[in-house]
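Have a look at the structure below before the remarks.
Order of writing sets the labels: A, B, C and D. Residues in every chain begin at 1.
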């Protein structure tokens, strides 16, 4: 998105998210709530929420846009509607209203006791994600169970009303590997996209290694064996169609060649 | 609990919590994890977790101990076992390991994807509770939906793996009323206990008003109409057997004389 | 209930059932639907359903009445209301309307897609229960998995909208043992009542044997080890508070001294 | 399938069913259990169950084969494996073992307390379906709530362990309209296939009428308005991808132009 640009509001039944790779100073307006975008933040625009953007700075900005468009086309579930020509709120608050209401760990507002299909949290902030991953690695050093496997910290972004995925069709996670960590081979039904947020390493896909640097994207297709190797501390954002696979009972995972 | 005292470790199938009314400097050790207790904090010791306490100061300390003992006796589900004679860890960390792993809003560790019957968060800190309630009242001032009803902010303490109650038999909530707020009459199946954490006001029980001050406790028996009136900003901790009532499908609520 | 008697209609929040031990010719009217009662039938009157009875014959009749009254008193969830002075429908159809709508295996009416707290089936007929148990024993003879353990056939009465217990607080089951079968020791949280419907045998409670005959009732208190021994083919109706125990996460079972 | 033919056994992750349009005398062998196929029966071969067929007669036979192949290809979840060259059991029992264990209304074997992803019932018999539909129309004549709407009886085939759809990706239903019945316009996300099992009538698709006779198939694409009109008593088998739509939270229905 270019400097001082505005994207008009619209909504669609597709679920979408934005993961901010670079930049600062853009606000997405989701159902009237302005949400700041900063590097490392995950923003949600779940199905049928109006959304638009405006760039309040003189700098461009980059993010990953993840949608479940392929699924929605194949299955013919799409709806689309235009909203206001311009965004409805040009305010630039530090925290969105959705975060002020919902982003308190283990606390649920009594005005929000009905479970929602998508997470009511509009933005998952990098500071939080970073701290959660750091604590896992520290706990591991103290000899406590905390990581997925040795040297591999990871969090899933979840809907606080259910503890489940942020949206019905998209899973989002963040992984951090200690320098030198090598994960075991995994085979999973469903495909994933990874973005290298920080650090250097490689992915081994079906036995073949590919080196990776900050900013790289790679895809792991369904049932292809994959593993990661970290040359430095290695931070990766991941999204996938796992909620579709699991809800329709097609999930199957092998780790190190054995059913997990 | 007196100064420099230690209570030996034990466990039972009853669920329990501690809400800290007064003091500082005691650590509860739950399944080996030392949890600091400070005024306004809610601590959990779910069924069958080992727990003991030690007071690291020269001052006494006061808390509310809530158990589901009556239910467990009537239904004959109780088990009890002694553990270590002394607490197993005399460390006094600022945050328990459970908080470091779990108290990140909307983030779930990949090492904890299996839902748990009770919340894995050992302590819900007063700073968080206070901030969540303040934000609800601010959002209300900005014209946004956030409070239960005008002037009445409230949060429920929840299990982040499900979004549901912290334990299977006990619900815990915190309520804040603006000065001058009067809530409508409520009738509910199930009984509640309230503790006045801060402020002055009154409860109207079955038509009869009772004035309330900081430190007071009162009980609302099942199906007795109740409402609150706040003379000053009015902070109340509440716990109840609502999860039992709801899980067994006996729940019924009337607000202002009408089914809610 | 005596010959030609009528019991007036009423309803209460307690869940109740009737299991018919002896006799023929009484109809229970549940929410206006006349339900025939015959030996071996299980009839439900879930919480807050109006019900009354009328005996259309010159003979008395006997049944077991199971209610969750103890639980409801302890937890103060009871409501009561009188209905019509007489039963509202004196018809004596072979099958109740609830059976005609719901008692088709694996078929759900499109007019009943909303799950219900209690089973919508008003009566579970002896012919069906008997056939299901016989088939399990036949399948076992053919070498197929069908019984709980060798010589022990059993069915649970369930709510077809969920596959779960017929009511939120009461579990109902029917057990059939082949002559000579001896079941392993079981210890369970929660208490059960058994009625000997047919045959001879004994129950071993906490190591002590008690002989049993048609018509006998016995209670297995929570966590007392029990096992059954069948002198002849041995038919037992069982009800328990297991749904309460399970929904509140207090369930624990040992079979043959080991956690099951 | 031709006379005296055998189809070798195999399995795949796709879910499938067979609805028998014509004929008699074929047995499908599903995971070793021979299941008779007769006109009007619905047979299931859920994902990853081995299955083969043999025709025990000198007559051909016709059925509708429904699979979720398109979904599985798009989402790359498919697995395939060959089994025995011939079917593993040439017995021709009237009822499959799965029916003998599971097809008892409201009764669940204690050996089958774990919920299953697909229905454990191998065949839903026409006699049962027919009776359930007839009872709905009779109850309607008696002034009782039973049908979807006046003159329109319908059942959904369900998994008795959950009360939900027979398989994770496919919904199966049977509809019966009284002569002269006209249903209101419906718009639904997700597509359906109907087969005219008996009778004459028409479907109005997007305002355009198409006459229908026994044996005809028609498709209702996603979000196209449809209604039925019955010239005679009108029996229709229906299957659709509704479970996918609902589990992924894309469902939306309009009846008579209004959200239902």
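One rule holds for everything that comes next: a contact is a pair of C-beta atoms (placed from the backbone, for glycine too) under 8 Å apart; a residue touches a chain by one contact, two chains touch by 3 or more.
These numbers come from a predicted model, not from an experiment.
S.K.: Give me the chains shared as neighbours by subunit A and subunit B.
M.R.: none
S.K.: Over half shared numbers or under half: where do the identical copies subunit B and subunit C land at their interface, same or different?
M.R.: Mostly the same residues form this interface, as more than half of the numbers used are common to both chains.
S.K.: Can you report the angle of the rotation that maps subunit C onto subunit D, using C-alpha atoms only, to the nearest 5 degrees?
M.R.: Rounded to 5 degrees, the superposing rotation is 180 degrees.
S.K.: Please report how many Å separate the Cα centroid of subunit C from that of subunit D, as a whole number.
M.R.: Measuring from centre to centre gives 32 Å for this pair.
S.K.: What whole-number Å value describes the gap between the mean CA coordinates of subunit B and subunit D?
M.R.: Going by mean C-alpha positions, subunit B sits 50 Å from subunit D.
S.K.: How many angstrom between the C-alpha centroids of subunit C and subunit B?
M.R.: It comes to 38 Å between the two C-alpha centres.
S.K.: Which subunit D residues touch at least two other chains?
M.R.: none
S.K.: Given the complex with subunit A, which residues does subunit B contribute to the contact?
M.R.: 97, 100-111, 113, 115, 119, 121, 124, 128-129, 131-132, 135-136, 138-139, 142, 144-148, 154-163, 166, 173
S.K.: Inside the complex, what are the residues of subunit A that reach subunit D?
M.R.: Per the touch definition, subunit A meets subunit D at residues 13, 47, 70-72, 74-77, 79, 117, 168-169, 189-191, 221-223, 241, 243-245, 247-250, 252.
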